[in-house]
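This structure is in structure tokens; I'll ask about it shortly.
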Amino acid sequence: MKRKKLRSDIAWSSAEKIVVRGLDLVGLIGNVSLGDFAFLELKGRLPTPHESAVFNAISITLVEHGMTPSAIAARLTYLGAPEALQGAVAAGLLGLGDRFGGPAEEAARMLQLALEDAGDSPDLPAVARQIVARQRALKRPVPGLGHPVHRPVDPRTPRLFEVAAANGFSGRYVKLIELVSAEASRAFGRPLPVNATGAIGAIASELDLPWQVCRGLAVMARAIGLVAHLQEETVEPLASEIWARVEEEASEHLREGGESPQ
Amino acid sequence: MKRKKLRSDIAWSSAEKIVVRGLDLVGLIGNVSLGDFAFLELKGRLPTPHESAVFNAISITLVEHGMTPSAIAARLTYLGAPEALQGAVAAGLLGLGDRFGGPAEEAARMLQLALEDAGDSPDLPAVARQIVARQRALKRPVPGLGHPVHRPVDPRTPRLFEVAAANGFSGRYVKLIELVSAEASRAFGRPLPVNATGAIGAIASELDLPWQVCRGLAVMARAIGLVAHLQEETVEPLASEIWARVEEEASEHLREGGESPQ
Amino acid sequence: MKRKKLRSDIAWSSAEKIVVRGLDLVGLIGNVSLGDFAFLELKGRLPTPHESAVFNAISITLVEHGMTPSAIAARLTYLGAPEALQGAVAAGLLGLGDRFGGPAEEAARMLQLALEDAGDSPDLPAVARQIVARQRALKRPVPGLGHPVHRPVDPRTPRLFEVAAANGFSGRYVKLIELVSAEASRAFGRPLPVNATGAIGAIASELDLPWQVCRGLAVMARAIGLVAHLQEETVEPLASEIWARVEEEASEHLREGGESPQ
Amino acid sequence: MKRKKLRSDIAWSSAEKIVVRGLDLVGLIGNVSLGDFAFLELKGRLPTPHESAVFNAISITLVEHGMTPSAIAARLTYLGAPEALQGAVAAGLLGLGDRFGGPAEEAARMLQLALEDAGDSPDLPAVARQIVARQRALKRPVPGLGHPVHRPVDPRTPRLFEVAAANGFSGRYVKLIELVSAEASRAFGRPLPVNATGAIGAIASELDLPWQVCRGLAVMARAIGLVAHLQEETVEPLASEIWARVEEEASEHLREGGESPQ
């Protein structure tokens, strides 16, 4: 009962050759950078210099966020399973969900769906008003706006938009999220500037990356950062100390009061 | 009972600034590529142009290996948990263990430990003979040599060595693995050329990356490839068909004979 | 800046003692079964015999589903990382998401939220009608009803309800899902009987387990099944063969047509 | 190129039936506990009452270890990805590696390999001496002995051995590990009593479970404990506070000194 032919267009190899997205890997080695190779993987062709600049800009922004829950979880996992660094990286990536990896996806989704519905010559200010009105009706925040730490302005945003503009990728998605920010700030009565994930969601949309892939951009970039955290853990370990402190404090009340279990 | 101060030197941020490895992230955006940023994460400084060429060359070699067990596992996981792409990537990475992610680590470890022990002016041919003799005594294959598919020569190896040499990174680690290959071919009586993971282990050692990080290079690079496989799975799905076929065939004998469980 | 005391009530230990949920572990060893211990973990007390019967009944139903995508992914992961069985189990569990692990959670959530809103003496048929009407308006299937394979009736459902009734746990959640099934069958014009996950969602609700935990029941039970699959993989391996077949078929068209990459 | 028929003997199902290890699942629901079902999965048959007592005893011992690195990693992961509880459990399990999940496997491996080599009527004291001598020669600790917290005696060990003896499972594996403990204490000149993982490794061997599965026992049991930790995290959250504290302390020195990145 074969209902469907299995088919993948990403890569194949023979004894003499490895071909990725139609290009001979050996010809790429030494000529193509990691970021451009990632573009090739996702888009099926190498980037133009402008695309490369923009794609690398959003990718590096996602690599490192310091001592995040992801990084701590990866370090704790490595403590228990030093034989399997891949497991520690995987544990760290598992935290890039709706709360930490999802926002860029959500922002891209919001923009892409809105402009899909809006036809060829969309009235961007009207689309922005609809987006904000819908989020308000759902009592949900607008994805891609505001930041708990980087206030009043997320310093990455103007730089990301600058790089996008300098390379010809400041199109209607970037304009739309800026209009959404202005409208949301007005509607909610407080400054809601575009944050880095909002900027990345918009610029990824300019690069014609489907919104479903945007969480993937965060995941692939963060894998790099997590390897760096695990490398540091081998020379400046934190996990054991975190464990000791948390264990002691969290069960203090049980220890004191709990000497006589039934 | 604080026994140890927690300390990380990777990154920090304030309201106005994000600093990674001592550099202002905003100044890097638009100026630094993903591969160079990965170098910065791991080494604490940006690469020279020569280092960049070599580091990007070994990194892109590790991104894509076609329809591996990792890629299939990631696709099967995505079928069950489409809400959590991070989980599907993590599942794929978990397969980069001793068999598929470990070889580059093992090759780098073999070379680095051998040259650590060998002092400042090592007799490389003697070191190579010792390495091969030790593996033979342990009845284990020599890491980084031979390939089940890419025969007689792994096409990536000469190109990787060429890029390393062109950038001044063809030092004693590269020489040593070539000597190990010659000695092993002699000792085992069949051609055992350096494969891509052997070349990567040697070149990573030339870049002074500790062997423990080499599995991490494979993990971070493969995360990119896995995102591409999941993107393809959304438009050209395989997982459901693989499941149906495997399920049917694997339980055929039970179905036929097993109509009357106790 | 300590904003919050860390506190956990699950377990603590000293040199002489390990205490879980207030009970001395040593006193439990040999006296308490794994299922009852799981109940203790989740509810903070040991089950009554009736609770034990019902909790074990729903738990064992979730352990094994044959050659699922989860089981295949776990086996493929083990092939690459035989040093880390924990990673292969983790990879398998990662597939228990919205599609395969979520339904019991979704059914429990539907029932618990509906009865939370409905007050002390709910009009169950009216609640059932509301539930079905809401799902129809959202154009979504009703969780916990129907099954692609087990038709016309999921054989586990009547048995689960029988065990629940025999132990005094056939209360309003069970009644409600039966009413939802009847109403949905009428509204959609085809038989939509309660499936096993619907029954489990209802019975878990009778046991007063929060709906958030229901996906966890599936996860903890399936971990057992995945270990069994990995044990079988060591003596009757499938992963390598699946890989070979998928790889060959999926890249056939590239191999044939792709001999001359640029 | 089908080289091998895919075959699994664990389970199959049809429209009317689900069969696990040759038994009709519906007949098991309500009659078999979770622990006994786990035994069925691993051994292919239901346990005798004696086997059930012993298997459940070792299983519950592995469920909960308080606020371990695993539990903390799971909670941190859940913070970032609340949509995917399966990912948080998986992250927790990934820490059950060589350091925390491996010891029971290692102890079982040591005992099983030693008695495999030793023939039908082994001289157990001689085998114990060989084991200790080999570990000393390798400068490695003897698996299953000693404990950093539970001193002088791990309170679980005598109870586990008592349950094993009461059920007829105090055979040569249990005797061997006790002899190994006596010999190691003598050879290393300090008390090295059998710890809980040593006892579990020995008793699992008495149950004829292959050593490869012993890490799996820890993994499946701990999945239960991790679900309980995640349930507690929803009502008594720790992750966010741990993150804030670690982040602040770890980057303090950078913040203070690092105001002027290049």
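For this structure, a couple of remarks:
As written, the chain order gives the labels A, B, C and D, with residue 1 at the start of each chain.
To be clear about the criterion, contacts are C-beta pairs under 8 Å (C-beta built on N, C-alpha and C of every residue); 3 or more make two chains touch, one makes a residue touch a chain.
Predicted, not measured: the structure shown is a model, and the values here were computed from it.
Residues touching across the subunit C and subunit D pair largely coincide in numbering: over half of the numbers involved belong to both copies.
With centres defined by CA atoms alone, the chain at the far end from subunit B is C. Comparing chain pairs A-C and A-B, the larger number of C-beta contacts belongs to A-B. Inter-chain centre distance (subunit A to subunit C, centres taken as mean C-alpha positions): 29 Å. Rounded to a whole number, the gap between the C-alpha centres of subunit A and subunit B is 22 angstrom. Residue positions of subunit A touching 2 or more other chains, listed in rising order: 6-9, 11-12, 14, 17, 66-67, 81, 83-84, 86-87, 90-91, 94-97, 101, 238, 242, 246, 250-251. Against subunit B, in their complex, subunit A makes its touches with residues 1-4, 6-18, 20, 25-26, 28-30, 32-38, 41-42, 52-53, 56-57, 59-61, 63-67, 84-87, 89-91, 93-97, 101, 149-151, 155-156, 159-160, 162-163, 166, 210, 212-213, 215-217, 219-221, 223-232, 234, 236, 238, 241-242, 244-245, 248.
Against subunit C, the residues of subunit A that register as touching in their complex are 5-9, 11-12, 14, 17, 19, 22-24, 27, 81, 83-84, 86-87, 90, 94, 246, 249-251, 253-255, 258, 261-262. Within the complex, the subunit C residues that touch subunit B are 66-70, 72-73, 76-77, 79-84, 87-88, 90-91, 94-101, 238-239, 242-243, 246-247, 250-251.
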